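Letters are used for the chains, namely A, B, C and D, taken in the order the chains are written, and counting of residues starts over at 1 for each.
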Amino acid sequence: MLGDTKINELAKMSLREPILVQGLPGLGYVGKASVDYFVEKLKPTKIAELYSSYLLFPDGNLGINISEDGTYSLPKYEFYAYNEKEPNAIFLTGDAQPSVTGQYEVASMVLDYAQQFGSKMVFTMGGYGIRGGNETGAVYAVVGDSMLGDRLKKMGAKLAKGGAVTGAAGVILGIGRQRGLQCAGLLGATGGVYPDLEAARAVIQMLTGLVSIPVELKDLDSEIEDMRKKMERFRRTELEESKEGEEKQGEEGKDRYIT
Amino acid sequence: MLGDTKINELAKMSLREPILVQGLPGLGYVGKASVDYFVEKLKPTKIAELYSSYLLFPDGNLGINISEDGTYSLPKYEFYAYNEKEPNAIFLTGDAQPSVTGQYEVASMVLDYAQQFGSKMVFTMGGYGIRGGNETGAVYAVVGDSMLGDRLKKMGAKLAKGGAVTGAAGVILGIGRQRGLQCAGLLGATGGVYPDLEAARAVIQMLTGLVSIPVELKDLDSEIEDMRKKMERFRRTELEESKEGEEKQGEEGKDRYIT
Amino acid sequence: MLGDTKINELAKMSLREPILVQGLPGLGYVGKASVDYFVEKLKPTKIAELYSSYLLFPDGNLGINISEDGTYSLPKYEFYAYNEKEPNAIFLTGDAQPSVTGQYEVASMVLDYAQQFGSKMVFTMGGYGIRGGNETGAVYAVVGDSMLGDRLKKMGAKLAKGGAVTGAAGVILGIGRQRGLQCAGLLGATGGVYPDLEAARAVIQMLTGLVSIPVELKDLDSEIEDMRKKMERFRRTELEESKEGEEKQGEEGKDRYIT
Amino acid sequence: MLGDTKINELAKMSLREPILVQGLPGLGYVGKASVDYFVEKLKPTKIAELYSSYLLFPDGNLGINISEDGTYSLPKYEFYAYNEKEPNAIFLTGDAQPSVTGQYEVASMVLDYAQQFGSKMVFTMGGYGIRGGNETGAVYAVVGDSMLGDRLKKMGAKLAKGGAVTGAAGVILGIGRQRGLQCAGLLGATGGVYPDLEAARAVIQMLTGLVSIPVELKDLDSEIEDMRKKMERFRRTELEESKEGEEKQGEEGKDRYIT
């Protein structure tokens, strides 16, 4: 299937050794939520999209996502470039993870693309699963070299001491390190709530502390507040609906899988 | 496995920018039933067959289908061409969907083939799963661009507002849109009865309304009537058979999987 | 993984349009048992072996089979050639079926190999699953063209009237027919006993009736008699062992899977 | 995915027909534990690493392993070379087995690499599953030719008499034999305790008896003693913890899978 992954460049931009910041769907949606926040606040330029036959839906099928206006698109990665301040950055977000078979191919193409711009640092944002306890705001780090680990520890991160990072976040760190890039994974402690904006806040703060990216957390704080209220409301609605039995079945034309 | 999908051309035909109309086995058999109806009524010319190591049986195995006379053939797609009126059309039907691994390869080859004839529009027919309610005859549409969505809405289609179209129907729309083709999926609301000829009727009517294809629905209406009676009879027979216990086991030599 | 299937030629032999007779492990072991009988009786020359990363164990793993003397080998196909009488024949037996992914590649290579010798006819032997009833000795046939079907019917075969032949037997018939070869599957009715020598006898008799291969069934008849006695003894032993509880666990060093 | 397996050479070394000794994670960790012991005692030079998109975690995912200091690496094979005495040796250890799809490719590349140095003998160390009985210290052997089997029998090994060796240990023996290399699998009887150092001791002793490798077993004996004590302690702790309920959940930052 070689050749079924491709990057469509949408705009040419001049970047100086941009850091690559990847956040894809995963545990607690921490990674995607944090990169999406950078995109929302910094309004970087969308420079490319990656399409691949390996970007599957969570149920293991291929297909298209339908938008609210009835239009659709294949699952994709999106690359956004920011060059207003130092360091420059490429933010990578997406709506799917590659299948196991495609992880190497996709991660390699992402790194090839970023390295064209001279990227030397790779950060992946993600969630770190915890059960119980209170670690809200804690960030666990995995690092390509221990010097970076020391810097992150001074900033309050805990170093993960074992286990594994699986999926796209792990694979790009693994291949990145093999290519001699500086790499770190910033993993926000999460109980798995979806999306865990508090965990996202923690990893955003960690990254902006490490490399100066001019992003204010104020808006995120109010989003977290909003989210809390929404969750509250959602839980109440759910409770009421479960009382009403199974009569109501969601808004017409929405959120169904069609095969 | 590249190279294990191939299209065998059976006849040369001159076509003017034919629309591609795909209907494969899927939910409620809506897609296949509607394209098969076009083939039955318009008597287009069979111009090609597609064979692929990715066209698996529903149980995930490869093999051959046995006909009533003991002959057999590999699962395949069939392409029928119609050039008597404008627009010209290629009807694509088949007896299997590709496996996930082969979806991109097969859909790409189908589009390559249709684009050789100058195809600029792609329609996939399919089913849209609904539970309960009464939406008989409703057509949900997903569209490559919102102008086409507006036209379909005026004709009575509902636009899908979320979710996903998985499988061959979704993938060909996704790749088609990337290639700049006008694409739409016409999905007949179905409870999943098999085959759902009423849902097929709805999507046929929607398509012939959008692009003028001279197909009468009269015959389909009587087929629907026949089907209703058959279902009735089938249900009665089933009831009786379940009374007779498990003694009778289907006609000799029929409908068995052999491995 | 292209290139991981290969045929090692062991001997050069001159063959005149040999028929290809394939019998691999499958339902009731009918196919393998019948081809193995031809090999045992005709003592044809082993001319080639096929190895492939697609020849998996029944548990889906790759590995080696251990013989009684502690030596081992990878799962393989074996090709035996017979050129003493007309028609010449290539007998194909093996100790595994390819995985779904490899079915096309392996079947294509087998046909390539046989066609080098001018093969124009392909027979696959196999089992045809029946529940209850008494069809011992019945042979179901699937055929590439109906003329061959008529000949087989005259000889007492029943034509299968629907369903599918999955696995290696089906795929080679499917591809063989596409290549314009005369093809038939001879499927002995079997309840699935293992190995079903009576079903094997039936398909052997059908094949030797269709194309004259000088094989006597006398020895097979006494093997069937032996097998009956062995089964009897085995059932009795099993019964006794189940009485003794789980203390005895098979002979040391035998029949275990090692990983 | 061809090309996603590669060997990174770390040092050039001169070796005379080194034997290849492979021990990967598997049943009772016998293989890996024995090769790791050779590496620990002989202090051979690490000459290469193999990385592959086929080296998956036990859960079937790709990713990175995290070390105690927060650094990480992709799963890999490691090659260590020993040339102080005859025979020279290449010890191959690793922290994962390839997926089924990758077994042939990875084993072939390992053999290619060893054969560059003139390797003519391949040994795989592994576990041989036994239930109950007392076979501590027993070694089962599978051999490429019966002469080697005779030598091993004289040294006390039992020859396996059937069954299969699946996974990386089996595949490399299978391909090695096809390439005309002398091959044997030394499989220590194990009930599956993890890691089974006593089984590892048995296969080490068998190998050093067959080919003279200057390794003392003294240290291993005390490790076995230590292990016994640890297991004892572990069992006791486990018992106590299960009494304490589920309150304690392992040390912070350790041994979790992150996705």
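Throughout what follows, contacts are C-beta pairs under 8 Å (C-beta built on N, C-alpha and C of every residue); 3 or more make two chains touch, one makes a residue touch a chain.
Just so it is clear, the model here is predicted, and its values are computed rather than measured.
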In contact with chain B and chain C alike are the chains none
For the copies chain C and chain D, the interface residues, called same if over half of the numbers are used by both and different if under half, are different
Matching the CA atoms of chain A with those of chain D requires turning by an angle in degrees, to the nearest 5, of 90
Cα centre of chain A to Cα centre of chain B, whole Å, reads 37
Between chain A and chain C, the Cα-mean centres are separated in Å by 52
Among all residues of chain C, those touching at least two other chains are 2
Among line, ring, star, complete and other, the chain contact graph is ring
Chain pairs that touch, by label, are A-B, A-D, B-C, C-D
So, in the complex, the side of chain B touching chain A is made of residues 2, 26-27, 100-101, 103-105, 126-129, 131-133, 140-146, 149, 158-167, 169-171, 173-175, 177-178, 185, 187
Chain D contacts chain A in the complex at 1-2, 4, 51, 53, 56-57, 59-74, 101, 249, 251-259
